[in-house]
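By written order: A, B, C, D, E and F. Residues from 1 in each chain.
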Amino acid sequence: MTDQTCIPGTTDARIPICELKSGQAVEGPYCCSDKIAATDRNGKAYLRLKLRDASGEVAAIHFDPSDDALGITVGDVVIVGGTFSVHPQYGAQVQVRRLRAADPDEYAACDLVPVSPIGPAELAERLHVLVDSVEEPHVRALLERALDGTREPGATFAVAPAAVRNHHAYRHGLLEHSLIVAEAAAGVASRFASVDYDLVVAGGILHDVGKTLAYTSDGMAPQMTDAGRLHGEIVMGHDMVRELIDEDPDFPPDLALRLRHIIVSHHGMREKGSPVVPQTREAVIVHYCDDMTARIGAIDDAEASAPAGDRWTSRIFMIDAPAYVGVREETADDEE
Amino acid sequence: MTDQTCIPGTTDARIPICELKSGQAVEGPYCCSDKIAATDRNGKAYLRLKLRDASGEVAAIHFDPSDDALGITVGDVVIVGGTFSVHPQYGAQVQVRRLRAADPDEYAACDLVPVSPIGPAELAERLHVLVDSVEEPHVRALLERALDGTREPGATFAVAPAAVRNHHAYRHGLLEHSLIVAEAAAGVASRFASVDYDLVVAGGILHDVGKTLAYTSDGMAPQMTDAGRLHGEIVMGHDMVRELIDEDPDFPPDLALRLRHIIVSHHGMREKGSPVVPQTREAVIVHYCDDMTARIGAIDDAEASAPAGDRWTSRIFMIDAPAYVGVREETADDEE
Amino acid sequence: MTDQTCIPGTTDARIPICELKSGQAVEGPYCCSDKIAATDRNGKAYLRLKLRDASGEVAAIHFDPSDDALGITVGDVVIVGGTFSVHPQYGAQVQVRRLRAADPDEYAACDLVPVSPIGPAELAERLHVLVDSVEEPHVRALLERALDGTREPGATFAVAPAAVRNHHAYRHGLLEHSLIVAEAAAGVASRFASVDYDLVVAGGILHDVGKTLAYTSDGMAPQMTDAGRLHGEIVMGHDMVRELIDEDPDFPPDLALRLRHIIVSHHGMREKGSPVVPQTREAVIVHYCDDMTARIGAIDDAEASAPAGDRWTSRIFMIDAPAYVGVREETADDEE
Amino acid sequence: MTDQTCIPGTTDARIPICELKSGQAVEGPYCCSDKIAATDRNGKAYLRLKLRDASGEVAAIHFDPSDDALGITVGDVVIVGGTFSVHPQYGAQVQVRRLRAADPDEYAACDLVPVSPIGPAELAERLHVLVDSVEEPHVRALLERALDGTREPGATFAVAPAAVRNHHAYRHGLLEHSLIVAEAAAGVASRFASVDYDLVVAGGILHDVGKTLAYTSDGMAPQMTDAGRLHGEIVMGHDMVRELIDEDPDFPPDLALRLRHIIVSHHGMREKGSPVVPQTREAVIVHYCDDMTARIGAIDDAEASAPAGDRWTSRIFMIDAPAYVGVREETADDEE
Amino acid sequence: MTDQTCIPGTTDARIPICELKSGQAVEGPYCCSDKIAATDRNGKAYLRLKLRDASGEVAAIHFDPSDDALGITVGDVVIVGGTFSVHPQYGAQVQVRRLRAADPDEYAACDLVPVSPIGPAELAERLHVLVDSVEEPHVRALLERALDGTREPGATFAVAPAAVRNHHAYRHGLLEHSLIVAEAAAGVASRFASVDYDLVVAGGILHDVGKTLAYTSDGMAPQMTDAGRLHGEIVMGHDMVRELIDEDPDFPPDLALRLRHIIVSHHGMREKGSPVVPQTREAVIVHYCDDMTARIGAIDDAEASAPAGDRWTSRIFMIDAPAYVGVREETADDEE
Amino acid sequence: MTDQTCIPGTTDARIPICELKSGQAVEGPYCCSDKIAATDRNGKAYLRLKLRDASGEVAAIHFDPSDDALGITVGDVVIVGGTFSVHPQYGAQVQVRRLRAADPDEYAACDLVPVSPIGPAELAERLHVLVDSVEEPHVRALLERALDGTREPGATFAVAPAAVRNHHAYRHGLLEHSLIVAEAAAGVASRFASVDYDLVVAGGILHDVGKTLAYTSDGMAPQMTDAGRLHGEIVMGHDMVRELIDEDPDFPPDLALRLRHIIVSHHGMREKGSPVVPQTREAVIVHYCDDMTARIGAIDDAEASAPAGDRWTSRIFMIDAPAYVGVREETADDEE
């Protein structure tokens, strides 16, 4: 699956989920993003599913599934045949008649999973600029090892999602999120003489690196791994950064102590899952920029999905309130 | 008290508190920063005091005080005559023999209260640059009205402290704190297309403007005013910004709504005293930059007062832990 | 809409919602209390609505809405034609065939919105008695200005709801709630020599005055206003009381400080949205009587809607439990 | 110890603690309110004590104590001989030369423990009026049994303190506190048709009856009993009320359920020690009036001990802030 | 209802609920575990029910109920005639045609309610062993009185459920839970020389004895009683243990104090409903073993209801997370 | 420092701190457990110290310290010459005249630091029994590697303290604490068929292994290390267990996942520093036994330091209350 060169829409002629109309036939590859097996009145199995492509998600029901169909798991790509309909009371649903696991050459990943709104080239370029701004040679070399796409964690870091659902739950999402945090943190760090800029950049880029193992990223629908749930992404991220540091026997011990501290403390408080609170200026900055940019991103997302003209988004979990987006520019001239 | 032109050390020849040695005579003006009246075994009144100058603070005891001495209040400047001594068990203390209220021409404020480490000229220049970066004409005009030193709140804003004790509890402290928050917030805002930069700058500069009335700033030792304690700085700051907005009948209503929201929500949550949580991107940024820069400043202060060579500061209230400052530059070459 | 003289049931011959039977025709004015626009299987818009009159609320569905129907907003009064039915699984619903905005002369507000169970005349009389019991002339004059129905906030105060939903979410609800709080607080205040009775009465009446701007009260279905959500009713109420005080240049400063404090602190703690906690006896009393009477009212409401004979109400949010109402009087003779 | 007839100051000619001057001799009975046994440099025991009379409390030190002196316990009355002095740094202290347990005829309780500011006669009369206002015969009879001074809990209820320290920590304190709560609760109850007035009065009077066993009240210095610490006053109070109810086989079961509920729930929430939250209107009222009147009393106390002219009291634990008492009447004429 | 001798499946030939297939006739006794009365479109009453037997629970709907059917209450046993069906969207349901209260000889309790997985004989034997291990004669005699099946609380204790729903919500559940807690606590107690083993065993067995009155246990579906909701099981349990102690005038007071403390404190903290925290080693052990074994039991239950092969259970309320049960033994050989 | 063979009291003839009398000479080795450098009235440095041996701790003051004395750090062993005295007001203190760092052959560690009340031989034997009870060969081999005294972490684990202060803050304390937790957990695990006994034993022994790096254990006074403060003992312990597992390429992956989970989750909740909550039965047991045995140990310690005859200990931090220890055995016969 050569991700970088996947060109959306070239592999099949499916109608994107977001454009389906009631009564249309559904044919082609979809990611199975949820699956519940149930039994009907005659004791026969049937499946309630969710199907996803890059444009959205839709419920589906499949009676008389084959053994192949029964064996699929969440995150698999499946070839579906059926019909889409909308019931006024119960909503949109695909009646599936045929369903089987897809072969790798039957779909293009870029058609099935949402991607970062910032293109891979721009992400790579902006990341390069940031890494280039780091002067301390050991820290810079560490970043280069960490981001090396020919090994781990770099290979996964380039494509992993940043969450299981909602914000940044898409391919490249982790890279995008880490970049935004690191850029904001770099902007703040550069204004304070007492702050180690290089450490802030390294901490900003690597703070969530544990997610490369805490989430599945090879499938289509990110899930938490067993280790992610039982050990936690913070412990896993710290392990990975420690190993990256240990590859360089000359890495300055004081910097190692501080960089590992940024990873462990970046959730900001124990209630949020960090075993220790931020105790250095650099850890304070990475924690706050992580939280702050996540909230800005959540408002951006909520605004994008709010009906045009609404002054308020729906309730945002992170903010514990709807966000006010007010009278937006294109309509401001006419209406106010 | 022409503050801008006060040249430290020119008005009197006092030994700064931080340089006093046991047995030395104490003569000259000090700020009375604490006063407890008590009665001795014979029913006569005596005073336990704290005296402060720009270099530090010292305990004092005054037996047989005159009526004039008994009548001074915290924040007054007093002319003291006495002797300094250090008792190994009970610490440093001035034995006061004479004490009276000072006349305004007997002292220079800059000798008695700590000032911002950033000079007034630099503060003014950096503030000017920030205001200059605001493009929306109504917002910019509002800032100019707010900062106008010939009226309120600008006149007090230029000299007020940002806290009653600890960080920024000194002359110009509010201006310094507001500037640092606004600069950091501007740095973040400029990276997000969806954020209104002008509002962020205005909110950053004005978020704590209520402190001009919530703290006393004309005396030497900042205290909370009755209104500050009974109504709260947030309510007071909102009132002031609303009045500043109302002076401009053409101020855009949507911007007014948003700017007032930044003031009311800037403590980030109700438990911290904001009646509403930040519900706009701009309010999120000002809140986080306020919290983040306060923590960086607290670590800077704690490091400054830690003994040379210590890797850890004393416990910092805001962080609920000591901060790690590690092996610092001047010693790093030799010891590591 | 001359509220005082609206006589229920005189304007139209509608069957009240609470008396509708399955199969009956629905004709006449209703308040639209909820509206969701959706798209059916053929891409055509339809509306899910809630309709309300003074007797209750009912779900409705409207296929093929006109542009006029699509344009209505929550709180509008609409003229509806359709049929009522009850489905055993999915409940009661009006099938709407026609729907348009009503003209002001087509309905009487008193038919469409619930009103206080205490009549306007009794509310006015009891309020008069309370105000009359205030002796301090400036406080009394302030109350008279505040309650003057020919200006704000008095005009809105007389008709505003006290909540968006549930208890006191009806016309006159704010007046009724404020009266009950003030009466209970006056009863407590009169037993304590150290308490300023006049301030307690004034604080009790005005504590929620901010709701006159924080909620819409001219429409039929109260909503929070943008300012209510972004600035909070406490900040708004304090502003209004400050302005009322400022109209009287001789208002005693100490009383002004205390009265404004009651408004700001009446939620009792910061977690509940008061930036400062009650720090005077008078603020303590108003806060506790607000909370206590709200809980009693919530139990009254829950008991009223519980099936006859039930010893327990359904769960009450404010109390975090059902309430025990026990064996009630009319049945006690027979059954126990 | 016939409490009712104790006339302060008639039994001995001691100088009250609050009037002692440095150098005066101390002779006579005092209550020992604290006792720490220590060992001096030569291995000999000495005692650090606190001595209390109705006017206040003072520290004391006693070298070379007799075995009798060593054996006294907190709450004992002791005959002290010694000298009072005030050290400017370490405060007031009695140097005790002789100390022994007092005989019962050597002191009058009313000289040694603070009493309620409301006299016993007034307390009794107001309690009588309240009980008299109860119409339900079983509830009224229960109150008469409970308050019967010839048996328990009535005998102890009449003299017990309401707390170990601070507010109402004096003889009659429980009766005074219970009366104030019941009166305030009765005032609120009488305004609500849906509230059972008789239950509120009974609950108000009896809510803290468990303190008759949870605190010691026969000695001079109230302490928590072992049972009070291990079982809690709420459980003990519920037990006592249940037994009082069980004495009347015709007590209505529904009223019994509700009255016991008031006792168990009167702390208002589980975090404050009530295993269940108030789930009836009557329990809501008793809980709120308990909390509200305690706060008013705490402000009264803090104001009484604040220096004349101070606008703020010292910090009040219950309120988590100082209280504002403002410009008080006697000085208002002159100064404002 | 002679519980001990009830032999499942002998009284009627019903198909157990867990084995019903769509279309099968339903005939025989069921426990009514939920009942909601509603009104259809023609104003006629109908019932939504839940029916339960020892094997499971199923929804039911009953149109045209007789007066007898309308009068049943939750916990009654009813004789049902109808048809079972499964709708793919809305699930399994019994269409009830006939429904009436059952006579006592028409059903066997053991067919209708779940029972402890540990048989009554084993429960009794293990309880006997535990009681037998208690050496202190008064404590042992107390346990024998408490568990005496010919009186209360023993008679109810033998059959009561330990919860209204979920874990141990079945006949004998309280006995099973109490036994498991006491055995675990005994295991811990026996390792610590400073712990009173006998008290721990007694506290472990009796900690939840209040549930014999706080829950109904004679019916089929456990409910909280009014007293259980208004006074709480802790207060009720303490009352019962105190009365059991009082039957023995020679019961050692110190042990009485400690045993009652275990009951009152066993929820571990006030937020969980214990008015006092555990303040003895014995109370600490009983509290922790209660919490710990409840969590183990909750994971056991969740694993039992998870699909075979799942590595994770569904979310467990007590643990605030799903539990990991991993690769289980029967499949471990093949797959790992 | 051959710890196993250190025989207390053989190396020097010092009077143990707990037996010092006022006026006695102090000569010999002590551990410096606290050190504050200060400056006297003449600008000369002096030292406030705490000195500790196995029997207790005492304050000390040292004027005119040599450069050698100034350079000692907390945890060093020092040779002290001086005089002990007790001041009735300010307590016991050593006036130090000479102080220098000790040579390793000048003291025996066992004289200077408290040790476990259980002897090393018994600790080793009981640990051996526990390890021997583990049947799964990989888990057992892991424990043997972990406890191997010829390498890490075993070498440090055998001597490390379990805390910086209070309970188990002594040599062998970690081993003792881990053993007690593992024994209690084994006792519970053996009663539940669904629990993996071997994992519980391994988790109980290793749960705190991170403390071998998080605390200093080679010196005399345990301190947290920089890494302990910045990364946390949980993260460090997880790292160590992961490395021990990785030494065995055949270690079953499912057991590895579960064992690492026990380490990470053993604080029980995120607020207490565990990034994930216990999600397996084994982790639940280790967490609860850790907490439970810590509380029992804290009560044991508090009872040991309470004056004979006291029924209550002083307040115990962990329990947030004093503990009731009641009438203890030796006195029970006489007094009750």
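Going forward, contacts are C-beta pairs under 8 Å (C-beta built on N, C-alpha and C of every residue); 3 or more make two chains touch, one makes a residue touch a chain.
Not measured: the values here are computed from a predicted model.
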{"item": "Minimum number of chain-to-chain contact steps, subunit A to subunit F", "value": "1"}
{"item": "Chain pair repeating A-F, as identified from B-F, A-B or D-E when over half of the contact pairs by residue number coincide", "value": "D-E"}
{"item": "C-alpha-based rotation, subunit B on subunit F, 0 to 180 degrees, nearest 5", "value": "120"}
{"item": "Pair sharing more residue contacts (C-beta pairs) when C-D is set against D-F", "value": "C-D"}
{"item": "Inter-chain centre distance, subunit B versus subunit C - centres from mean C-alpha coordinates, in Å", "value": "44"}
{"item": "For subunit F, residues that touch 2 or more chains besides their own", "value": "226, 229-230, 257-258, 261, 279-280, 321-322, 324"}
{"item": "Chains that touch, pairwise", "value": "A-B, A-C, A-E, A-F, B-C, B-D, B-F, C-D, C-E, D-E, D-F, E-F"}
{"item": "List of subunit C residues in touch with subunit B within their complex", "value": "226-227, 229-232, 234-235, 238-239, 242, 257-258, 260-261, 264-265, 270-276, 279-280"}
{"item": "Contact footprint of subunit C on subunit D as seen in their complex", "value": "180, 183-184, 187-188, 190-192, 194-195, 252-254, 257-258, 261, 277-281, 284-285, 288-289, 291-292, 295-296, 299-300, 303, 319-327, 332, 336"}
{"item": "Subunit C-touching residues of subunit A, taken from the complex the two chains share", "value": "21-23, 85-89, 311-312, 321-322, 324"}
{"item": "Residues of subunit F defined as touching subunit B within the complex", "value": "38-43, 46, 61, 63, 90, 226, 229-230"}
